[in-house]
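Pasting the structures here.
Common to both upcoming complexes is chain A, partnered first by chain B, then by chain C.
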Partner chain A sequence: MEFERIDNLPTDTIAGFRVRPGKPLPFGVSSVPGGLNFSVYTSAGTSCTLVVYSRSEQVALGEIRVPDHYRIGDVYSIVVYGLDYEDVEYGFRIDGPFAPEEGHRFNVDNILMDPYARVLSGRDEWGVEPDWSKAYQYRSRVAFDDFDWEGDSPLEINDADLVVYEMHVRSFTQSDSSGVKFKGTYAGITEKIPYLKSLGINAVELMPIFEFDEFENSRIHPDTGERLYNYWGYSTVAFFAPKAGFAASGKFGMQVDEFKQLVKELHKAGIEVILDVVFNHTAEGNERGPSISFKGLDNKIYYMLTPDGYYFNFSGTGNTLNCNNPVVRNLVLDCLRYWASEYHIDGFRFDLASILGRDPWGAPLSNPPLLESLAFDPILSSCKLIAEAWDAGGLYQVGTFPAFGRWSEWNGKYRDTARKYLKGDEAQVGEMAQRVQGSPDLYEWNGRSPATSINFITCHDGFTLADLVSFNNKHNEANGENNCDGGDDNHSWNCGAEGWTEDIGVRSLRTRQSMNALSILMTSRGTPMLLMGDEFGRSQHGNNNAYCIDSPISWVDWTLLDNNKQLFDLTQALIHFRHKHPCLRVNSFSHSGGGGMPSCSFHGRTPWQVDWSAESRQLAWLMTCDDAAHGQMDAVYVATNMAHYATWFDLPGLPEGYSWSLCFNTGDSVSPHMNNPAPFNENGILVGERSVVIFNASPRET
Partner chain B sequence: MQVALQQFKDWQVIKVTGQVDSKTVGDLRDFIDTQLQQGHPVALELTEVPFMSSAGLRTLLTLQRKTKDMGVDLALIGVAEEIADTMKVTGFYQFFTIYDSLELIPNS
Partner chain C sequence: MALSIEMTQGDIHVTLTLSGDVDTKTAPELLSKLTALELHALEQLRIDLQGVEFVSSAGLRAIIFAKQKMPHSSSLYLVGPSDQIVETITKTGLAQAVVIVQSTEEI
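And now, the complex of A and B:
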C-alpha cells in the first residue's frame, strides 16, 4: 500500500505564508509536494529572510523571516506552500556585520540572488537597458527540469577524434546574412546545424552562456558614440542559469528549454557541446562593484581577500573566487554536475583555469583540491575538462597544469609556434616538430597523451585567421581604449600590406597562408580547434580583442562563405581528411606506427633528413598506423615549405603495394584540394613558396 | 481563460479562449482530466489564445501524452505565430500536428 507522507503539511504561518522547516540539501530551490523548498548557506550571517515576488513586480508578495530553528548548521531552509511555481521570483536578505576590514559585507537592506538560481529574470532580452532604479536586478526563478530528451545522452566522442569549433552564440547568427529566423540566439545555432555538420566539426565550444550582464561596465565610445558592452560575457552573474538574452524565448522565460533543445539537436547531428565556463571571478567586481549574491551572503568565504579585506585580483577583473575553499569547491562541483546531468553537456573549458589551483591566499597549490575533485568526479567522468592553463596573475602552466590524468589544455605554445613558423620566422622547425606530434615535450614526461593538447592557431582572443594574415598590428580603436587593450604578441604577418588591399598578389598570398595554417592544424596530432568563420575568412578588421563590440565587426558575415568558397571547401576537405585518417588521430606517444614505419617521423627535402638549422623553413612529417578496420596501413605525408621560394621534396618510400596520392596542394591556386586523388607517379614534388602539400598512401590497384 | 467542449465531425474539440498561463492552466488541466471521452480524436482549438506561458505549453505536452495513452489522434488548431515560434525554439513543436483550422484536418 502507499503511505501518504506526513511531512508534506505546513507547520507554521509566517507573513501569511504556510511554511514548514525545509531540507538543507539540495541548495537553492527544489520542488516538494505542494510547495517549494528553499535552502541557502551563510556562515557569518545572523538571519535570513526569504523575499518572494510575483513575476516582474516591484513590490514583494511577502517577506518570510526564516525562524532560527529552521537553520541547521549554517544553512537556512524552509518549505513555502502555495507559491506559483512559474510566476514566483525570490531572493534573500541576510543580516550580519558590515566590517570590510574583517571581510564582511552584509547589508540587510539588499536583496540577494540565490547563488544556485537555475533561471534568472531581469535581463530577459539582449541589449534592452535595465531599469537601474530597481532594487532587485537579477531575480532568481524556478526551473522546470522536465525537458523531454527522447533518449539523448552525452556523445562521449574520444578526445583525439574531436574537431572543435569555437563560437559566440550571438556573433554566430546575429548578422542578417546568416539567413536564420532566430538571429543571435541558441535557436539560431540550431538552424545552422546543417552547416556545422557539412563542415565536419564534431564539437562546438560555446563562449560563456551562464547568465552575465552585457550592461556590466557598459559605456559609450567617446568618438563613435556606439554603445560598448560586456559582449563576450566572461563575467558570471549566475552559474546555474543559461543566459536569457541568448534565447529567442528569453522574454517568456523559456531559455532553459531552448538551450536544451540546442544541445539535443546538436547531439542528433553528432556534435558535442563544450561550455566555456568562468569560475575564476564573478560579476560582483571589487569593493566598488555591486553586491549581487556572494558578497552579501558570505564575502569572506567566496572571495580571496587581502588581510585588510580588499579583493585579490588574479583574474584581472576585480575579484577572485576562492575556489579551494571547500564550500566554494562544492558549488563549482554542483554547478558542473548540474550542467552535465540536466543539460547533457559534453565538456567544459575553464577560463583562466590556473586560478583554480591557487590557495585562499593566492599561492599555487601542488595538488589543488578543486582540480582533483573535478578530475575524479563520478558524474563528470566522461566530460572533457579543458584548461586555459594560465591566469592574469602570472601563472603559466601549459604542460604543467595539475591534470590528474584527466585535464587537457589549450596549447598556447602550439598557437605561437605555428604562427611563427607560418610567417617564416627563423629557428622554428624544431619546435614545430614538437607541436605537430602532439607536443611530447610538454605532455609525454607526465604520462599524458597527444589529445591533452588542444591545438589552435586562432581563438576568440586575438586575431581571426583572416586578420592574422592581413595585419601586422592590432587595430582596436573601436574598443574605445586608444588601441591600448588586447595583446601585442600576435606573431602575425600582413603579407605585404596592412589591412584591406586590392593587390592581387598580397590577397592570394593571404589565402594561401590561411590554407597553410588550416593544413598544418588539421594534420597535427592532438585535438584541433577552429574559430567560427575562419573557414571562410571572417575578419574583425584587425581588432584582436572584440570583447565589447556588438556590431558587424564581431558578427559572422555569412556573405564571405560565397566569396571565399575555395577556402571553405578546403577547410571542409581537410576536416573530412582528418576524420578519414586514423594516423592523424593517434593518441599515444608510444604508438609503434604502421607498415613497418614509425608512428610519426620527420623529413626534409630528403626523406629521413631534416634541416634543423635556424635558417631552415622546411619540415615534412609522415604519420602512420595500422587501420584494422580496413585491413591496411594508413599513412599521411605532409610537406611544408615556409620559405619564399619553391623547394623540391623527395617523397619517402612506401611498403610494397602502396603508392602516394596527392590530396592537397595549397600552392595550386586553382584546385588546392583534389576531389579524386590519383596515384602520384613522381618520386618527389616541387612545393611552391609558402605552401603545404598533403599525400596519403593508398593500396596500389592490382 | 474559458474552456468549452465542442464537436467537429468525429473530433472532440477543446475550445480555449484567452491567455493560458500558470494562473489559468489549472482549469484547462482539470478540463482535460475530466471531460475527454475515449475513442474520439482530440482537437485543441487555440485560435483565440494570444499567449501561452511555459506552464501552458507544458500542459500541451501532458495532453499529448494523455491522447497517446488513449490511442487517439491529437491536433492543435490555430496556433498564434508567436506561440508557434516559442514552441519551435524550445522543441515543443515537433511533438504536435498543427493545422490552421479544423476544416484543414485531412479526411475530416
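And now, the complex of A and C:
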C-alpha cells in the first residue's frame, strides 16, 4: 500500500490558500506532494506577492502575500497546496524602491514573470497579435516530467566528425513548398528528418527557440504596409521555456512535449541538436523598454548599468545582461543544465559570446568566471560549447576567446578568407592555407585543436550562398530601414550581373562558385557548418539581414530542391565524402600523417611548391592519415583554381600500391561528382577557370 | 460540454467510454476515474473516444499517467479517436505509449 507523507502539511492559510514555508532551491516552481513550491530571488525587493491565475481567466484567482518569515536570505519561497497543476499560471509582485539613478526599478503594480518559468503562455500561436491591454503579458506556467524518452540520451559525437546545419524553425518548413503538414513548427522539422538524414548532416543548430516575442519592436513597413517582426528571436523573454509559437501544439500548451519529440526523433536519426542561445541581453530593452521580469525583480543585479543608472549597450539591442555577477552566472548555468538534462540538448552556440567575458563595468576579463564555470560544469561536460567570439561593443576574440580547453568558435576569419579567395581577391593564398588546416595561426599556439574552428562561409547573418554569388551589394529594402541595416563587408561577387539574370554564362558561373565554396568547406579541417537551403540555392533576394521578415524572402523555397538538383547532389556527395575520409577530420595540429606523407601539406601547379605571391590564385592541399579501421592509408588531394583561366596541376606522387581517383570536378558542368571514380592515369589535371577538383587515393587493384 | 464516463469490466480489461469534451475543467474527472482503477495490476485498458471531439493537454496527461502506472507489459488502447486527437498525440510524442484502433474489433 502507498503511504501518505505526513511531514508536508500546510501551516498557514493566506487569502484562502493553504500554504507553508517553501524550499529556497530550486528556483522557480517545483512540485512537492500535494502542492507546488515557488521560489524567487530579489536582493533589493522589500516584499513578495505570488499572484495565481486560472489559465482561461483574466482575473487572478488570488494574491498570496508571502510572509516575511518565509524569506531566507534574499529568497522568498512558499508551498501552495491544492492548485491544479495543469491550469495554474502565476507571477510575482515585488515591492521596493523606484530609484533609476541608483539602479532600482521596482513597481509593485506590475506583475512579473518568473525568470525560471519552464512554460509560458501569452504567445501561444505565432503571429496572433496579443491583447496589449492585459496587465500581465507573459504568464508563467508549470512544466511536466512525464515525457517518454524511450532510452534516449545525447549522442556525444566527436566535434571533429560533426557537419552542422544551421536553421530557423519557422523558415525551414513554413513555405507551402515544404510539403509538410505542420508548417513552420518543431513538428514540421520532425517531418523533414528523412531529408536531413539523406543530406548527411549530423547536427542541427537551431536559431533561438527560447520563448521570445515576435511582436517586440514589431512595426509596419512604411512603403509596403507589411508587418515586420522580431522574426529571428535574438531577444529572450524566458530562458527556460521553449517558444510556444514554434509548436503546432502551442495552443494546447504542449510545446514542451513537441520540442522533446523533435529532439528524440533527431537523435534516433543520428542528428545532434545544438541551440543558439542569447544570454547577452533580454527582451526588456533599455529604460524605455517593458518591465517583464528582471527589471522589476532586481534591475541592478541583472543588468550592466552606467553609474547614473542607464543601461550599457554592448549587445546593440538596448541592455546587457550582467553575466559575471554570481547570481546571473548561476541563472545561466541552471538554464543550460536544464536544457541539457531535461531536453537532451547536445550543445549550445552562444550569441555575441564575448559579452559573457566582460566584467560588470564592461571591461574584458582575462579569466571570466562564467565561461570557466560552463567549461568545467559536470552536467555540461559532454555538451558542445560554441562561441560567437565577438560582440557589438567592439570586442573581437576569434582565436583569443577564453576557451578553458572546451570552447569552440564560429570562425569569422574562415568565412572572410574563404569568400575573398573564392572571388579571386589578391593575396589570399597564404591565409587560405591557414584556414584549410583548421586555422593553426588562431588555435595552435594555445593548445587548441582544429575542431575548435567552426568553419562556415554563410550563416543566418549575411548572404545565403546563392546570394553571395549573385549580389555585390545588400538589398535590404524589405527591412524598412532604407537599406541602412545589415553589414557592408560581404566579400561577395555577383559573377557579372546584380541579382536575377537570364545570362547562361553568369548563371553557370554562379553554380560553379557555389560548388567551389562547398568543396572547400567540406575538405577543410575543423567543423563545417552549412546554412539551411544552401545545398539547393536558397535565396533571400539579396537581403543580408532578414531578421524581421516573416515572408517567402526568409522561408526556404523547397521547389529549388528540384530546380537545383545538381547542387544538392554535389553537397550530399561532399558530405558523404567527408564522413568517409578520416584524413579530412583529423583533430590535431601535431598529427604525423599517413603513408609517409605529412598530415596536411600544400601544393601548387607543381607538387610541394606553392606560389604564395599576391598574384597567385591557385592552392592545392593534400591531407593524409592512417585509416586503421581499413588497414590502409587515407589521402585526399584538393586543387583549387580561382583564376579566370584554366591551370594545369601536376599531381603529387603516392606510395607504392596507391593511385589517385578523381571524385569531384566542379569545372565539369555535366557530372561534377563521380559516382564510381576510376583510377586516374594522368600525371596531372587541367583545372578549369574558377574550379575545384578533389581526388582520393585508393589501393591499386592487383 | 460536460463529460460523461461509463465504465465496463471485461474478463482481462476495463473499458472507459467517454462522451463529451475532455477539457481543462473535465480532465480531473477522467483522472479521478483512472486513479480509482487498480492500475498497477491492470493488463488492458480501453479508452473509447468515439464520442469525444476534443481532449486537452490535461486529458492527454491523465491518459499517459494511467499508462505509466500500469504494468510494462500492459496495453492501453485508444478506440476511435478523432483525427485531431491523433495528430496532437503524434506530434507531441505521446503516441508510442498507446495503441490507436478505430473500433474494438481490431483489438
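In this text, the second predicted complex is superposed on the first by the 695 of 702 C-alpha atoms of A that agree within 3 Å, B and C clash if a C-alpha of one lies under 4 Å from a C-alpha of the other, contacts with A are read in each partner's own complex, and residues count from 1 in each chain.
Throughout what follows, a contact is a pair of C-beta atoms (placed from the backbone, for glycine too) under 8 Å apart; a residue touches a chain by one contact, two chains touch by 3 or more.
Predicted model, so just to flag it, every value in this text is computed and none were measured.
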After lining both complexes up on chain A, report clash or fit for chain B versus chain C. clash
May I ask you to decide whether A:182 touches chain B, chain C, both, or neither, giving the answer as first, second, both or neither? both
Touching partner for A:87 - first (chain B), second (chain C), both, neither: both
Once chain A of both complexes is superposed, is A:9 in touch with chain B (first), chain C (second), both, or neither? neither
May I ask you to decide whether A:56 touches chain B, chain C, both, or neither, giving the answer as first, second, both or neither? second
Figure out whether A:252 sits in contact with chain B (first) or chain C (second), or with both, or with neither. both
Note: overlapping chain A surface for chain B and chain C spans 84, 86-87, 144, 146-148, 181-182, 185-187, 190, 248-249, 252-254, 257-258, 260-261, 264
Where on chain A is chain B touching in the complex? 84-87, 144, 146-148, 181-182, 185-187, 190, 247-249, 252-254, 257-258, 260-261, 264-265
Can you check the complex and tell me which residues of chain B touch chain A? 21-23, 53-55, 57-58, 61, 85-86, 88-92, 95
Please give the residue numbers of chain C that touch chain A in the complex, ascending. 24, 27-28, 56-58, 60-61, 64-65, 68, 87-88, 91-94, 96-97
State the interface residues of chain A toward chain C in the complex, per the touch definition above. 55-56, 84, 86-87, 144, 146-148, 150, 181-182, 185-187, 190, 248-249, 252-254, 257-258, 260-261, 264
